[in-house]
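Which chain is which? They are A, B, C, D, E and F, in the order written, and residues in each are numbered from 1.
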Amino acid sequence: DNHEPEANDAWLPSLITETPQEGFALAITLSQKGVATTQPDAEVRKEQRPEYAQDPDSLIAISHVIATHFQTVAAANDYWRE
Amino acid sequence: DNHEPEANDAWLPSLITETPQEGFALAITLSQKGVATTQPDAEVRKEQRPEYAQDPDSLIAISHVIATHFQTVAAANDYWRE
Amino acid sequence: DNHEPEANDAWLPSLITETPQEGFALAITLSQKGVATTQPDAEVRKEQRPEYAQDPDSLIAISHVIATHFQTVAAANDYWRE
Amino acid sequence: DNHEPEANDAWLPSLITETPQEGFALAITLSQKGVATTQPDAEVRKEQRPEYAQDPDSLIAISHVIATHFQTVAAANDYWRE
Amino acid sequence: DNHEPEANDAWLPSLITETPQEGFALAITLSQKGVATTQPDAEVRKEQRPEYAQDPDSLIAISHVIATHFQTVAAANDYWRE
Amino acid sequence: DNHEPEANDAWLPSLITETPQEGFALAITLSQKGVATTQPDAEVRKEQRPEYAQDPDSLIAISHVIATHFQTVAAANDYWRE
């Protein structure tokens, strides 16, 4: 069952997080959403996982996407400066 | 029929969105427009879809483009801070 | 005839545009100029077109370059905020 | 033993560092976390290491991710200006 | 003769340019310097030219580097706003 | 002998440089440090050099990393504006 009700639901109410670590987690979520947008079938994504999780270059590329989103989230939170 | 009337029409009146989630959707649109500009034939793009939607590295690359546009849209909206 | 008189002419008088959509068009122009700089022969570029226009990964990479330039153009225009 | 207790623990309390060099070290940590998120099995990551550490293109790609995170950390620290 | 006297000379006195177009030209120079740093032999670089100038993916990658440097040069010039 | 005493020493006391050109040199250093972090064996890096120095795509990728770091260094120096 590939039903993904969250696709039409609110999943990104805010870019503001309590801590940098929660901001990093949000950057991961944003990266995954970018993939899920183009490949909405959760089953296919699950099947692809062993492929890219074993490929260092794919892992590095994913880490780059997370880094790009983390720039946005960190700026949104004014870098969690006190 | 590959007629794409929207190519000459207004499709990007503003970068301002109500919510971060709508901003993310706009980033997806901008990413797709970047592709459609170089490959304006919607039929060809449709034929390519199964190819890249099955390729984890292509999906990661698309997610990176979305992340880059989301930086722009988020900054335009001052990160939807209250 | 690959004569390209515009190479020495003014093609980028300003980064300011009326609308976001014109800004996106300028980002496309900047992306193309970046290619034309290294491969100034318009004939060669024309011959390459079918190759990359059929390759999803090339199209995604082009869309990434456009996204990078769009960041610049959007910032230059203060995101066309009213 | 792939037990990674730190996954649920606080590993990113702040983006603020004393020096640029510590900021660079943090950028490396962030890059590695981006990989560990997708491939949480430390044993697999250890096995992959000889592969990418011998591949110049992988090393360059890792350096790019670090550079992206360093932008964020440097901005957070206002570039360690005095 | 691969003597490159300019390597030790001043080639980047300023990021300020009169016009956006000169700024774009400077971005191209910066991109080329980034290559020349790693491959300082001008003869080798000249031999490589036909290879990458015929490869659309290489040309797109070069255009991306130019776009990244153009962001820097454009910001330095406050986007040549009047 | 791969002893690299500088690994534990201060190599990045500041992002501030006198000139843009010194800033560009610092961006190169940062790019190289990002590689040396993952492949700390200087001998291996030396052996890899002919491989990537002959590969235009590797050289372009290195130039991209330098460009990313140069953004950071240039911002840190307020673009060396007078």
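By our rule, a contact is a pair of C-beta atoms (placed from the backbone, for glycine too) under 8 Å apart; a residue touches a chain by one contact, two chains touch by 3 or more.
Note that the coordinates shown come from a computational prediction; the quantities given were computed from them, not determined experimentally.
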{"item": "Chain labels contacting subunit C and also subunit F", "value": "E"}
{"item": "Angular offset of subunit E relative to subunit F [C-alpha, multiple of 5 degrees]", "value": "60"}
{"item": "Centroid comparison with subunit E (C-alpha atoms), farthest chain", "value": "A"}
{"item": "Distance between chain centroids, defined by C-alpha means - subunit A, subunit C (Å)", "value": "29"}
{"item": "Separation of subunit C from subunit E, taking each centre as the mean of its C-alpha atoms, in whole Å", "value": "17"}
{"item": "Touching two or more other chains - residue numbers and ranges from subunit A", "value": "52, 57, 61-62, 64, 68, 71, 75"}
{"item": "Topology of the chain contact graph, where touching chains are joined (line, ring, star, complete, other)", "value": "ring"}
{"item": "Traversal of the chain ring from subunit A via subunit D", "value": "A, D, F, E, C, B"}
{"item": "Of subunit F, residues touching subunit D in the complex", "value": "10-16, 30-35, 37-39, 44, 48, 51-52, 55, 57-58, 61-62, 64-65, 68-69, 71-72, 75-76"}
{"item": "Complex contacts: residues of subunit C adjacent to subunit B", "value": "19-21, 24, 28, 52-54, 56-57, 59-64, 66-68, 70-71, 74-75, 79-81"}
